[in-house]
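What follows is a group of structures, each given as structure tokens.
Both complexes shown next keep chain A, but they swap its partner, so chain B is in the first and chain C is in the second.
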Partner chain A sequence: MHTIDIKNISKRFGTNQAVKDISFEVNPGEIFGLLGPNGAGKTTCLRMVLDIFKPDTGSITLFGGSLDEGKKDKIGYMPEDRGLYQDIPLERCLTYLSSLKGMSKTEIKEQLDINLEKFGLADHRKKKVKELSKGMQQKAQIIATLQHKPELIIIDEPFTALDPINTQLIKDILVTLKEEGTTIIMCTHQMHQVEELCDRILLMNEGEKVLYGKLNEIRKQYSGSDVIIESPNEVPQIPGISNIEKVNGTVRVGLENSLSPQDLLQNLIVNNIQIEKFQIAVPSLSEIFIQAVTKDGIDE
Partner chain B sequence: MKKILLVIRSEVVNIFTRPSYLILTFGLPVLGFILFLVFTNLNQKETQAISEIFKESPTTVQTEGFIDQGGIIKNVPEFLQDGSFQEFENENSAKKALEDTLISAYYLINPDIYDTGEIIYVRPDFNPLSGNGQDWKMRELFAYNLFDGDGQLSALVQYPVDFIDQPLDPSITEGQDSELAFIVPYVTTILFYIVILSSASLLLNSVVSEKQNRVIEVIMLSVSPHQLLTGKILGLGFVGLLQSLIYTSVGFTLLKISGRSVEVPPTLNFSPSILIWGIIFFVVGFLIYASLMAGLGALVPNIREASQATFVVIAPMIVPMLFISIMLEQPHGPIATFLSLFPLTAPVAMMTRLASGGVPLWHPILAVILSLLTAALILRTVTGFFRSQTLLSGQEFKISLFFKAMIGKI
Partner chain C sequence: MNKIWKIAIYEFKRHVFQKRFIFSILGIPLFFLFMVGMIFLLVKFQNNEKPIGIIDPGNKIDSTIVIPEAADLDLPVEIIDFSNEDVALAALEEEQIQAYFLLPENYPENTEVSVYFSEKPGDNAYDHFRNLLRANLLQNQSENTINRILEGFNPIIRTPDGLREFSERNAINLALPGIAGASFMFIILMSANYFSAIIAEEKENRTMEILATTVSPYQLMGGKIFGTIGVVLTQVLSWIILLFVAQRIAAGQSDALWLTDPIIKTRTILMVISILVPAYILYVSLITMVGATATNVQEGQQIAGMFIMPLSLSYMFLAVIMENPNSPLSVAISLFPLTAPTIMPLRAAFTVVPTNQLILCVAILILCAGIAIWLAARAFEIGMLRYGKKLQIRELFTRKNRLSS
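Let's turn to the complex of A and B:
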């Protein structure tokens, strides 16, 4: 059973068709990336999943059925617009939000102590939320999302306002949660931040599906026959090489169909070329996105 | 139920830890207490009843001049022989006296007074807000002289009749402090208007602030609209009721410890039952208006627009204030009866009537039933559009949107 099963959902706000006929599934225990530029319809999709917005057409199934009050406690949601009570102390705010998720007082205290320590907010627990920096509020919001150990975590733009250290902290936590079996949907326009985390992705643009599937397969689909070589020697002009381009101390070599990367590597070794790095050039998600949206039609 | 209790507790704790609420709820009574003590000490020797506070205080007599060119004023009645008037031969001398501040004003009675009926009143400090100074004294003086010094006739012409209310029940006699017969219902009306409005406004602020800091999106994924709305209404209703009880208790305590007593006229039904009715009508009034405010809060994008739109919701509550004179004169007349039974005006209007006394028991009972039914209907309607899509829409607020929502058209 899929954790989430979405079939042909669409949503229109006035004249703006925010989401057009989107279908996807999210499997248990995976990190699913809902990616795309600003205004692509990602947040609207998430809000329909969470029954915040009703889809105009299509159907949504969560944990095998529609979202009811009981299932709400299984979900941890961090919205794009951060939502915390600003005028009350952090500890009280998080305690209240946790209690609404069905946690007991003892559980809340125990879990809150751990999380505040883990996120470096233990010394700020008595401060009013509005007195915290943006980064701290972001971390507090993440605590509110994870506190009750949900089965499904939905986080919208999780790395906004975080410095590299805290970004890595969140990434590590998400990976740990995934290993523990938690299903995670991550929604972001910062594609480079999630390429290393996601198992599968849905790439959206202007409300439509652009790419959908396993990240590795999509990468393979979009990777060409180029290789990147780092070598103190000049790369010789071997038959089958279409072009050689020097990029930041490395050499990007374009291959024709007649020459495979393995053949090239063998050839370079035979020619006593010293190889420090030999890598098949895999495009980044951003590059794949640009390629996909500039092509006619939509790839699956 | 557990989540409703959590919402109630959160609302109560959040309000109780807000300095502005603490100052308003406890600081104001303490301030009142201090002022009352100071006032009491200053007047320690006087042991006047509280009703006397409302009686007219003695005013300083200011001498005014007059120039009688019509030859009307020949005698001054005894009660005006206190330096109220000084006659002048001509206007110049009166004007000089006025400039020298020997008199506060003067009247010029023209020779053609019988034809025109006009007297020129010269004052140095004309102020439309200060009324007409002491001109009533000149009326008395003038009338007295028109009737050749017959004070009784003069008084009868000026104030022909004095109606004395005689209740059918001979055991009820009107007290001397008839001011209280007006003041108590009037104060009750104002008090109920303020208490219900301020408590219901807490709900509006709570909803709008949760929308503005976007926490509503997280909350709605934890509780149902019904749980959230019910929790907020009960929590903030408790806070409002507590505030009202504190004010009332402090008021009575202050009176008691200062050794004063409330001298209530027997015509006023100011019994403990009115306190019970007060609590009941506060609750139903709060339920109605808090639900409406919550609905308004769900639709408005920010607190600024909320303040502007509040008038739409509270307008029915203002109606009894507009008709208060009629209601006080005829507490059991058709207008007062209708307003006290109509659910949107009943919480305020019925309290006005109850404070006036003589209301048949079935009237407040019917009013409570009708108000509760209305509150349930409004609560149900508001819960219908108190959902995330509306709360997060951020669309521009129009009055028509509110009415559409109330009839289920959004």
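Let's turn to the complex of A and C:
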């Protein structure tokens, strides 16, 4: 059973078709990336999953059925629009939000002590939320999302306002949660974070599905016939090489269909070219993102 | 525990366990006590402890007579008999007395008394002199007669149908509907601040989306409304308790029957409750609806303040209602749901409102309260994720689904 099963959902706001016929599944215990440029329809999709909006068409299944009040306690959601009660102490704010997720007083206290310590906020628990820095508030928001140990975590842009140390802390926590079997949906446009964390992705543009599947398969699909070579020697112009480009001490070599990477490697060895690095050039997710989105319509 | 109650308790504690709430509870009674204190001081300044003089050429008055308790003297003064005006005038000039009273020679046939003073004498000087004359006139009567006459008269005015009656003991029945209407206006003014901020706060601090994915709109609205009603009730109950304590203290200090032994008719209480309860729900729902359409707390409170206007406008019609409480205008505005909670009790204070009009008024209020609750829930559902963009009232009737920001 999929944790989330979405079939052909669409949503229109006035004249704006925010989501067009989107279908995807999220499997238990995976980190699923929902990607797309601003206005792609990612947040609308998430809001439909969480029953904040009703889809005009299509169906959404969560944990094998429709979302009811009981299932809401199994979900931890961190929206893009961050928000905590500003005028009350951090501890009271988190206690209240946790109690609404069905936790008992003892569970809340126990879990809150652990989380405040883990996120470095233990000394700030009595401070009013508005007195905390932006990064601290972001961490507090993440605690509010994880506090009740949800089975499904949905986080919209989790790394905004975090410094590199805290970004790594959150990444480590997400990986640990995944290993413990928690399903995570991460909505972001920070591609390098997706590359590091996600198992599968859905790339959306203008409300439509552009790419969907396992991250490594998508990357393979978009990898061309370029190779990256690191060598103290000049790469010779061999028939079948379309272009040679120097990038940061390495050379990116474009190959025509007549020349395979294996043939090129053999040729270089024969020509006594000293090779320190030889790598098939796999495109970064950012490149795939730009390529897919541009091809799909941004430039139209 | 049900999530509605968790939200209600959180909202209740958040407002009640605040210093400003304690101040708001004590502030009004303290202000009231200050005003009462000022009145006492004013009364005290109107009395004068200095003796008064009496010149009785006919020798008809016994100035040493004991004045019966029923005369209820505020501040008795010493009475000095003077044989002639020259001695009395000298005493007045030397400020030994505050005034002297000169009775005519042929008193009591002639009751024209002259009073002489340098500065206006205290009210107690006149009261004591009047009671001295009364005690002398009644000295041959039985104690009961003396007391009954000195107590004064207590008329009971009753309408021919027997539905309305006015006497000193049930004077509160005349005042209660009016007080209830005015108190309602005050409670609405107080509630407006809380209820207009109900949703606007969550929208302003962006916690709405988290709450919307944690509890249902019904649980959120229900919890907040119950919690806020709890806050308002705590405030009102605290005042009622303080008022009761004040009444008990005042009753010990006064002989006024309406204060010491008041009679409140069941019909009056039922009428006040059956009008004010649905009216309160109507107003609270409308204010909550406005709060849900506003983009921030301040804006919500500003708009909610407008709801006081129909209530306060009611008092502009006071003269019309007093002159003719059954005129078509009086009847119409007492049935209009936004003015009914103040006008209907006011009308009831000046006339016997027909039962069918009372039933119609309550029915209209209940119907409107139901519609207002629906509108409030709808405004919340549509406007909960609107940030920085105001929800138009007409959208409540036109849109099918919840909308995006």
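Convention: the second predicted complex is superposed on the first by the 294 of 300 C-alpha atoms of A that agree within 3 Å, B and C clash if a C-alpha of one lies under 4 Å from a C-alpha of the other, contacts with A are read in each partner's own complex, and residues count from 1 in each chain.
Here is the rule we go by: a residue touches a chain if its C-beta (ideal position, glycine included) is under 8 Å from a C-beta of that chain, and two chains touch if they have at least 3 such contacts.
Here the structure is a predicted model, which is why all the values come from computation and not from measurement.
In the model built by aligning both structures on chain A, chain B clashes with chain C. With both structures placed on the common chain, the touch criterion links A:L84 to chain B and to chain C. Contacts of A:A18 after superposition: chain C is touched, whereas chain B is not reached.
After overlaying the two complexes on the shared chain, residue contacts for A:L169 are found with neither chain B nor chain C.
Contacts of A:I75 after superposition on the shared chain: both chain B and chain C are touched.
Legend: residue contacts after superposition of the two complexes on their common chain; A:T44 is shown touching chain C, with no touch to chain B. Of the two partner chains placed by superposition, chain B and chain C are both touched by A:K54.
By the touch criterion defined above, A:I275 lies against neither chain B nor chain C after alignment on the C-alpha atoms of chain A. It is stretch 21-29 of chain C, out of 21-29, 93-101, 111-119 or 129-137, that runs into chain B when the two complexes are superposed.
Common to the chain B and chain C interfaces on chain A are residues 47, 50-54, 69, 72-73, 75, 77, 79, 81-86, 88, 96-97, 99-101, 144.
The touching residues of chain A, when paired with chain B in their complex, are 47, 50-54, 69, 72-73, 75, 77, 79, 81-88, 92, 96-97, 99-101, 144. Those residues of chain C whose C-beta lies close enough to touch chain A in the complex are 3, 6-7, 10, 14, 202, 205-216, 219, 385, 387, 401-405. The part of chain A that touches chain C in the complex is made up of residues 13, 18, 44, 47, 50-54, 56, 69, 72-73, 75, 77-79, 81-86, 88, 96-97, 99-101, 144. Of all residues in chain B, those touching chain A in their complex are 3, 6-7, 10, 13-14, 17-18, 210, 213-224, 388-389, 392.
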